[in-house]
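Shared chain: chain A. Partners: chain B in the first complex, chain C in the second.
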Partner chain A sequence: MEFGEIVSVLLQGAIVTIEIVAMALPLAVMMAFSFGLIRLYAPAPFKQIAIFYIEFFRGTSALIQLYWIYFVLPFFGITIDAMTAAVMALGLNIGSYGTEVVRGAIQAVPKGQYEASIALNFTASQRLWRIIMPQALVNMIPPFGNLAIELVKATSLVSLITIGDLTFKAKSLADTTLQVGEIFGVVLLFYFVIAQCLVFFIRRLETHLSKGLGRGGIHS
Partner chain B sequence: MNGFQWDWAFTWEVLPMILSAAKVTLLATLLGSIFAIFMGLVFALLRRSNSRVLRTSVYWIVEFIRSTPLLVQIFFLYYVMPEFGISLSPLATGVFALGLHYGAYLSEVFRSGIDGIEKGQWEAARALNLSLIDTYKDIVLPQAIRPMIPATGNYIIAMFKETPQLSAITLLEMLQIAKIIGSENFRYLEPFTLVGILYLVFSVAAAYGIHQVERRFPKEGFSLK
Partner chain C sequence: MNAPIIEFKNVKKCFGDTVIFRDFNFKVEENEIVSIIGPSGSGKSTLLRILMTLEGIDGGYINVAGESLWHMPWQGQYVPANSKHLHKMRHHLGMVFQHFNLFPHMTVKRNITEAPMRVKGISREEAEASAEKLLKLVGLSDKANNYPNDLSGGQKQRVGIARALAMKPSILLLDEITSALDPELVDEVLDVIRNLVKEDNFTMLLVTHEMYFAREISDRVCFFDNGAIVEEGPPEMIFTQPKEERTKAFLNAYLGNNS
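Take a look at the complex of A and B:
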């Protein structure tokens, strides 16, 4: 098979990979914020649920979660297509790591900021959204960036539930053409490029968010 | 579909099979972490080398390994290495892939651990005319190891949780066995849930173990003799 043909087939796979990232990332961020905040501020029963979610998804493998959602849920009458299962499993998995990022970043805001906002008679929600969160967000960006790269890498697992992503295309091309060296080499390069693009955007976002906070945002 | 109900009889039937596969998982993790620690040290020391070319190339190698999926690396090693005349068993390939992947992560831990040693310690070692090897062996590493333990431990747990990916190259570890049992009996609920619980139990136990190791370690360092 021509090298150009290989690359064009792999590009189709790369688009599927990027689609999955684009859907799972918002889910992960949503889970991270909601459960991170519940973990910090909610009353007891909700807090326990959040801890259970976090420990469960961080304590088992992403692949097992994916298989569980894809193979076991149908037995409970919930049949979902492979794509939904993939987005759910990856979003929930990365989201559970994200909760700790949110929690850590909020707790890292200096205590004086809380005290000052109480002294200035801000309400609880103003305190969180106007004072604490803008500062915490900047701290969250680098670890969230790492998680985004973890997500890109984890998408390769969806090839094992028959989704035609980059890894899946590579595996089936390799099985038919036996040109394994070129194929897997190109695939590794594709993933590397996707990850580096993410790193670039995250750096930009970090610079953008740290404007006006009176501190050095970007360390290069 | 009668899969709604948890079947205890089936659970007890499959548990021994899954537990015996757990040995393969643990073996892969153990060998993988030994290899990863070794590779991590090699990468970390190379990044401190005097040659700029060597430092930059090791930086990009580590960056490349860290930002590409383990699964593809496993495939790469498993299918491409035989083209160069190196055929390894699934377990050996898995250990190699895990070690390389997590070695790249660990190199950052080791590097920051070594960088965390005060400059005065290096200067004192130089002033006392210690050789480079003695400086590392007797001065730097004894102080650097304790702060490295939590991060290293976390990566080893992370590696343990990635071992199911080795099923993709036909290694008969826990998840693969569960999948085979599931497809033979058309019941995935019990085997997959059991595997999930076992992973949870092992990783919680390991996290506790690492905490204990860190606590027992002398804060002021120890002699490597």
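Take a look at the complex of A and C:
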């Protein structure tokens, strides 16, 4: 098979991979923030729910979670198409790690910042959103960057529930052409490029958010 | 005489098993400037932090401007204050911190305007005009658009003072505001307080290790030890003729043996 053809087939798979990342990442961030804040501030029963979510999705295999959502839930009358199942499983899985990132970053904001915001009589929600969160966000970016890259790599699991992502295309190409060197070389490169694009955006975001904080950001 | 603007009645405060105040009584009159001196761990800062509602109390009552700080009336009884009551009470109080605690993600100007705008609902124009005046007062007009991290310690603390003043508190609490500064920066901060006191009436409660400053600025000096006022009186009396042995020992240690 011509190298150009291989690349074009893999490119289709890469687009599917990017689509999954583009949908699962916002879900993960949403889960991370909502459950991170619940974990910190909500009344006890809600906290327990948050802890259960975190420990369950962190403590079990992402692949098995994916299988559950796609293969097992239909037995309970819930049928979900492959793409939705992939986005859900990966978003919930990465989100569970993100929850701890959010919590840790908020707790890492110096106590003096809370005290100053109380002394200036900000309400509890103003304290969180105007004083604490802008500083915590900067702390969150590097670990969130790691998670985003983890997510990119974890998308290869979706090839096992019939989604034609990068890994799926690579395997089927390899099975038919046996040109494994070229194929998996290109696949590596594609994953790397996708991850690097994320890294680029994350650094931009970090530089932007850390304005005035005198830390973070990449200044070469 | 009017009722005192601050009154502690039989206040008890513990941290775990450590008792800070057992049965603490204390009064401050309106427009009085009171310095609190004493060894570390004697409860000086805790006193200010309780007033600023950063620490609760374990017993007794505190009145600020005629109202109970940590309690509120409810169905004819006094019950622990809710957040709404505390919010209301904090309008009387402003605090300047030892470690400045400026908001690093905001410019100097926004550090000063944020609370008046968000908490008091003052318009941006008005808040900024007032911030400019305050920055002039603390000698930092040219730093309005800098971030706190660009400033020296002394400049940060002057912003800290301006930020507290922007809320127009009737009671200003200064918690060791020069303790974290290099010695050569102490005076620029103290000068701001000197000018402030000259220009306006303030009820001011300051915890300090700057004995000369306490002597110069205060109407009354309280020597604290082990969560109690060992001795209090006009600064001249405390600094030149202390009666209590513990006060003498403390001042000797601080000022050398020449006092």
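As a convention for this text, the second predicted complex is superposed on the first by the 214 of 220 C-alpha atoms of A that agree within 3 Å, B and C clash if a C-alpha of one lies under 4 Å from a C-alpha of the other, contacts with A are read in each partner's own complex, and residues count from 1 in each chain.
Throughout what follows, a residue touches a chain if its C-beta (ideal position, glycine included) is under 8 Å from a C-beta of that chain, and two chains touch if they have at least 3 such contacts.
For clarity, every value in this text was computed on a predicted model and none was experimentally measured.
Q: On chain A, do chain B and chain C fit together or clash when superposed?
A: Partners fit side by side after overlay.
Q: Mind working out whether A:A119 is in touch with chain B, chain C, both or neither, as first, second, both or neither?
A: second
Q: Between chain B and chain C, whom does A:A174 touch in the aligned arrangement: first, second, both, or neither?
A: Only chain B; A:A174 stays clear of chain C.
Q: Is A:F200 touching anything from chain B or chain C once the two structures are fitted on A? First, second, both or neither.
A: neither
Q: State whether A:R130 touches chain B only (first), chain C only (second), both chains, or neither.
A: Second partner only.
Q: For the three-chain arrangement built by superposition, which of chain B and chain C touches the greater number of chain A residues?
A: Touched residues of chain A are more numerous for B.
Q: Is A:L213 contacted by the first partner chain B, the second partner chain C, both or neither?
A: second
Q: Now for A:S61: first (chain B), second (chain C), both, or neither, which partner does it touch?
A: So A:S61 only meets chain B here.
Q: Upon superposition of the two complexes, what minimum C-alpha distance (Å) separates chain B from chain C?
A: So the smallest C-alpha gap separating chain B from chain C comes to 26 Å.
Q: Where on chain A does chain B make contact in their complex?
A: 55-56, 59-65, 67-68, 71-72, 75-77, 149, 152-157, 159-160, 167, 170-171, 174, 180-181, 184-185, 187-188, 191-192, 195-196, 199
Q: Can you tell me which positions in chain A touch chain C when the two form their complex?
A: Per the touch definition, chain A meets chain C at residues 110, 112-113, 115-124, 126, 130-131, 134-135, 138, 211-214.
Q: Can you list the chain C residues touching chain A in their complex?
A: Touching chain A: residues 52-54, 83, 87, 90-91, 93-95, 97, 99-107, 114-115, 118-119, 147-149, 163-164, 167 of chain C.
Q: Could you please specify the touching residues of chain B with respect to chain A in the complex?
A: Residues of chain B touching chain A: 1, 3-4, 64, 66-73, 75-76, 79-80, 83, 161-165, 167-168, 175, 179, 182, 187-189, 192-193, 195-196, 199-200, 203-204.
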